[in-house]
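The two complexes that follow have chain A in common; it is paired with chain B in the first and with chain C in the second.
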Partner chain A sequence: MSTASPDETGDAIHLDGIVKRFDGALALNHASLRVRRGTVHGLVGQNGAGKSTLIKLLAGLHQPDEGRIKIDGEAYDRLTPHRVEELGIHFIHQDRLLVPTFTVDEALFLGREPRIAGTPFLDRRLMQRRASEILDDYFGIKLPNSALISELSTAEKQIVQITRALLDQPKVLVFDEPTAALVRREADILFRLIRRLRDEGVTIIYISHYLNEIEELCDTVTVLRNGEDVATLPLGETSAAAIARLMVARDIADLYPKRDVTPGKDILTLERLSAHGKYQDVSLTLRRGEVLGLTGLLGSGAKDLIRTLFGLESASSGQITINGKPVRSVNPAQAVDRHLALVPEDRRGNGVALDLSVKENITLSSLKRFTRLGFLDFNSERREADDLIRRLEIKTSGCNALVRTLSGGNQQKVAIAKWLSRHSEIYLLDEPTVGVDIGSKVEIYNLIGDLAARGAGIIVLSSDLPELIGITDRILVLFRGSIISEFTSSQTSPDDVLAASTGSSEVLRHVG
Partner chain B sequence: MTSTIDEAAPVQRNANRVGWLADLGTALRSSAVFILLAALLLGFSAAEPAFANLGNLMSILQAVAVVAILGAGVTVTLAVGGFDLSIGAIAASSVMAASYAMIVWGLGAIATVLLVLAFGALIGLVNAFLIVRLKVPDLLATLSMMFLLSGLQLIPTAGRSISAGLILPNGTTATGVYDPAFLLIGRANLAGIVPVSVVLMALVAIALFVLTERTRIGRLLFATGGNAVATRLAGASTARLKMLAYVISGTLASLGGIVIAARVGRGDVSSGGSLLMDAVAAALIGFAVLGKRRPNVLGTIVGAVFVGVLLNGLTMLNAPYYTQDFVKGAVLVGALALTYGTVRSPSP
Partner chain C sequence: MTLQTSAIEPSVPRALIGVVVDNALVLALVTVFAIFSFATPTFLTIANLQSILVNNFTLLAIAAIAMTSAVSVGGIDLSVGTAIDFASFAFVSLVLAGQPVAIAALAGLGAGAAVGAFNAVLISGIGISPFLATLGTLFIGRSIQQLLTNGGNPVYLPPSGIPETFRFLGRGAIGGIPVPLIITAIIIVAATVILTRARFGRVALAIGIQPSVVRYSGIAARIHVAMAFILAGLIAAVAGLILSATVTVYIPSSGSAFLLNAIGATFIGTTLSRLGRPNIPGTVLGVLLLGIVANGLLLTGLNFYWQQVGTGLLIFAVLALSFITRRKASA
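What follows is the complex of A and B.
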């Protein structure tokens, strides 16, 4: 698409020996990234490895403390976002906000609106023509020019972002977790586009948590760990598993640690539980020491079931028995009193209070234990928080740090620690590792195993099937509100569970 | 390949070296308001020796007492993530209600105080009902309540101010008078030095400080403001907590109204004009105190006193009265810049 002047190195981007500190904390420790022109270069690393810092340096949003940034062989001292864009480097980012009240055209040309020659008036016709050319050529779609950004789907918004970059004939495109909110079909379109752009000479930097995408798409990959580049490898010579090992410096075989716990007494029983339009006749038994998996597609009723157990929705008929006692209606406060714990999927929205401290979050549901005559006992509260921070290996600068400052995995540990402090016995974990890096995932799996070993009953709701199989004893699959299959985790595969949750095994049974 | 732990060690050391500078910065930021307050006190005393005498300092506190009491209520509603725009109107209607109770109904001091406090609590309850039950956004609910009260306080007297000998809409003349005991709230000094209103301010400050910072309920109030859903999922009743916050806010606003009524000794229809803004400003300035960056009672009281000292000192130095709002605004802008502008960039 663009013809860069050739130079000796052939590097489009060369970040060399970059050091960057934030308030004394070292984010990048002599990290280097060297991207050859016209290639797709993957950038991977756990949360906190320094990926986003590196990209922000390249975007001119931060300045490095040490090291050099070379673009097309030329070193730049103080990059600004504006200068970077002039150099033809564009960033496609989930959180890069498009103005939601703008039309597609307005958003595409924001800040560089073409004008009718010699006048201050916008050349709307030219804007429309150029936009539809690119949309048609690269995506084979038409977006209604007058549609508002807020009316577009996530994938369409991304297309607008990419189109906006393409209008500038970019030399380098940086994709930051572009597929996080896309369905597979949309991701495939994106991959085709990226390959085509590469073939046209555009250099691509591709950042993703999904190693299979890296494997599928990239020519080269750089692995960051603890602020350093630990390896840069051609994809021909490596594999997703090898990359994962480099990321965590740990063998991936230990990814799903499973404890063998002999289940004890029944702790939670559902008998023919129904809620109109959500689920029907659900019966299940959870025993102490057992990890029960629950899965199903969107609308299968699995989520509603969890919400009912915690008193956020109500069942229309059926019986819930907790610890041998039949339970009538519940609200969350009563659920907590009955030693139920809910770790919701939307961690930042519902699981933790970001602007409260780690300590305040940990003791939120167990405050009564740290209260004497209504007054807080700060010492015992602090001891409890410190104790759980240690036990769960929560990485934080201290128990008074705001939860906002923690990484996703550590926020999730705080969300779970809250229930450990409450001495909960029945854990309802809704997508417990979504958005959590690999290292923290393993720690959360271990924690789930520990809880089971201590006699808690655990229900894990997850759509990550290898994970579900890896950490549970049994799996129940819901389909259209009914339990359609039960699997013993050690004797099943993701394919079987997936087939059941899409209802296809039922079809087969009927046919066969 | 070195292990993860080995790599972490030098990172830690580097962090420590730069750490103490950052600590010093944090310490400076969190005590900035106190340092400025001390500087003001010293500066004004040097420029105008009369400033530093006990009587003047007490008159400063007396001047800020009402704003501080209302500000404490604002702090609590801010803590639950709400906002109470009706406090100024509650205070103003409380002035009218107290006057009406004594002059028209002939009630005594104690009955009047209890009645007016109950009135404030009731308004708080209505606010809470609108916000918690009917899900009206807090700003809109309390804004409408503000309008409603501004009008309501005019109705019983057909828009007239209330003082002894008031002629009622039905033509009769009210026979009651302000109870002298009631007037003591606004005019008496304990031990001849400390005004009763300042004592009330101190009591409110201590009670609310203990409630918000030292009790379980206080923690849950902040948790509700931090993340209402997470707090509810943790087993707390966020509806009741919000209700409590608005009732406290309404009650404190009516207490403020009682102090004003006792000070002026009549029910002026125009009283309480700038109370809302001043109280909110005090609470917001409070964010910067001790670097808390969240509503806190101590900060609010300090914020109110800070503005009071500044205005009193400037007045003594003959700054014209019409510069007062400008000064308040400037302090607020500065405090907010201190609160938000110096937030450390989050490490990645």
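What follows is the complex of A and C.
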């Protein structure tokens, strides 16, 4: 079977001329991916470009209709997930579930538990030693061995996944959107780890929507579009902008469309708002037509502030004024009645109900408008949903399709449409473009601009600083619970904002 | 990341599978019906079909609809039997004490709703999971009934002292249709309308599917959960009234006999619906399916003790059917 020895080709992975159809729809059309040993190879493409299909073929979850899969120069006809793991190829996927009720040790060694020699009993001491060696060596952290998976943060769960792979001394590691749920600081730790693994000779395939990550991390990148590999380029010869153009086959002349809206009256005012241990003395004013950026590291209090405004947490002192009326404590129902809208970061958990239809999601918050004497008026409800699907260009097979069937970007549009239907006026958008492909991102930015132009006030919380600068008018930076700087978006750079949010900025301009 | 599926043309077998998935419950019912019609000559007679509807259907259908109310908000009500018993106890006791039947019936409905309200406080007020809260209610309710009846003695109505309206509720007929069946039909229609067309039903189903999204949409989910459990108690109370009017006696803890079948019917209906959501028509068809299997097995002359084997196998068959059709549909 083997035509060349591994040394001659130098390819760890070579997917060659792959064709894959699902029910007649062409998912991959003679796509190829060639990954040299010991490199970090980026794989990018819009949703539906074929990335996940290609990776599933490599993982042995699907079989190609045409084409060959070569691993270390050897061609394989029928790969199974088990065989792939034996070949030293491991997959780190954010949605790949760990058993939530297992302890860290149990999850790490699931299916390959070491036994005490000659007995059927688990060698717990060996499990603990090997796990803590790797955790300490690669991550410099200790996870309590007896902690349950469900008690870990997203980042820690990912560490457990990676550690599980490292226990097998992998040859190839495939990271599928690893940073989608991580904050920047955690992502930096991951990048250091990936570079180190590469230097140790591990081959990395890195899939991400974040082109700046690809630019920063990868040696080579392959761009997929409509099931074909349109280019494979060394990163030295290309840029994030060039990659983006290849992905969408059109110029994103203006990735961050920003409209000029003259701000109107004050719509939301915070005066010396404090919550013990979270943030203190936060004062800010949001005006109609204004897009206000909010950023800060994990624990800066920015997220708590947003949650307080929506009534999910409470403040211990200070004053909130909405549309000129002072507001005491709120719960989410009261916040919504006061025209507040929250698009939460955890889209699939809190933003949209995956097993409700597009229509049911869109009208969930505004059902009263479609209710007569307690009963729903299906016609006007349907009209509203169709209307918003058209207005927001939500790509769906119809208003009765389950939201689960939509892409991430379109799910996010549904999460926003819900509040348009509620006629909300103050939008709190928490990481609105996380896990959204680049085309949908631009559409969401446009939508934010539209809302501002119609007189809404918008607060965007984002750790994607170029995005934040691109779409907002002003940016407030929180550091350890206080607003430490304010920037005018058109006159600042990501570096300045980053410096402020890490507390390393020279000049601290206090506001409020 | 999703695959582009827009170019898929619906092929014939796929369309057929769609029909099967959409109507799995009806098909299952027709199949079971056909099998028993061939297997025993007495099954397909008007007298037997009427007996199925009156004996194997009405009370369980009402109890199962009460269960569906709790299941729609993602919960379960293990105390439906308790609500049936409390309603029955209040009804029979007050009639025995000489109160007008209408007053006694209202008290019975109130007693059932009170059981539901007790659950609502535990679940929405304190935050206990529905399973444990209603399990606690089930135990407490059993004790209270024993305390009220000197250790579980039935409360009989003397044959001479049974008011005409009371008898009518259990044994009467309007235009040849038994009153219990009419009441059941009304509850089926009302519950269907509430669950599919009322705002309350929509919110309840949304809570059952993803409660956090409902909360993040600014809806007071806890109030809806509380209402669903109170409604479950109230509906179960109707079964309690019909039960005591039919047998003219209150037997402590007799309502728990409906619990497992009510759960079974509700989840058969949920499992075999296209979207996997709790729904009243599904629950009712599930009750019919259980009733027909029980009645049919009895008529085939099989030992009575085999009946629950039939119910168990039926549930497995339903699961297998839904598994196969769903996998086909998503392949």
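One rule holds for everything that comes next: the second predicted complex is superposed on the first by the 288 of 512 C-alpha atoms of A that agree within 3 Å, B and C clash if a C-alpha of one lies under 4 Å from a C-alpha of the other, contacts with A are read in each partner's own complex, and residues count from 1 in each chain.
We take it that a residue touches a chain if its C-beta (ideal position, glycine included) is under 8 Å from a C-beta of that chain, and two chains touch if they have at least 3 such contacts.
None of these values were measured; they are calculated from a predicted model.
Overlaying the two complexes via chain A brings chain B and chain C into a clash. Of the two partner chains placed by superposition, chain B and chain C are both touched by A:D337.
In the superposition on chain A, A:G301 contacts neither chain B nor chain C.
When the two structures are aligned on the shared chain, A:G457 is found in touch with neither chain B nor chain C. Touch criterion met: A:L356 reaches chain B and chain C at once. Of the two partner chains placed by the overlay, only chain C lies in contact with A:L406; chain B stays clear of it. In the superposition on chain A, A:V230 contacts chain B only, with no contact to chain C.
Applying the stated contact rule after C-alpha superposition, one finds that A:N29 touches chain B and leaves chain C untouched. Contact with neither chain B nor chain C is seen for A:G449 once the two complexes are overlaid on the shared chain.
With the contact threshold set out at the top, residues 22-27, 48, 52-53, 332-333, 335-337, 342, 344, 349-356, 360-361, 364-365, 367-368, 371, 374-376, 405, 418, 422 of chain A are in contact with chain B in one structure and with chain C in the other.
Of all residues in chain A, those touching chain C in their complex are 22-27, 47-48, 51-53, 331-333, 335-337, 342, 344, 349-356, 360-361, 364-365, 367-368, 371, 374-376, 378, 397, 402, 405-408, 418, 422. Chain B makes touch with chain A in their complex at residues 1, 3-4, 7-8, 10-11, 14-19, 21-22, 210, 214-220, 222-223, 226-227, 229-237, 294, 344-348. Chain A contributes residues 21-27, 29, 48, 50, 52-53, 56, 225-228, 230, 249, 310, 332-333, 335-337, 342, 344, 349-356, 360-361, 364-365, 367-368, 370-371, 374-376, 404-405, 418, 422 to its touches with chain B in the complex.
Chain contact summary for the complex, chain C toward chain A: residues 1-9, 193, 197-200, 202-203, 205-206, 209-210, 212-220, 275-276.
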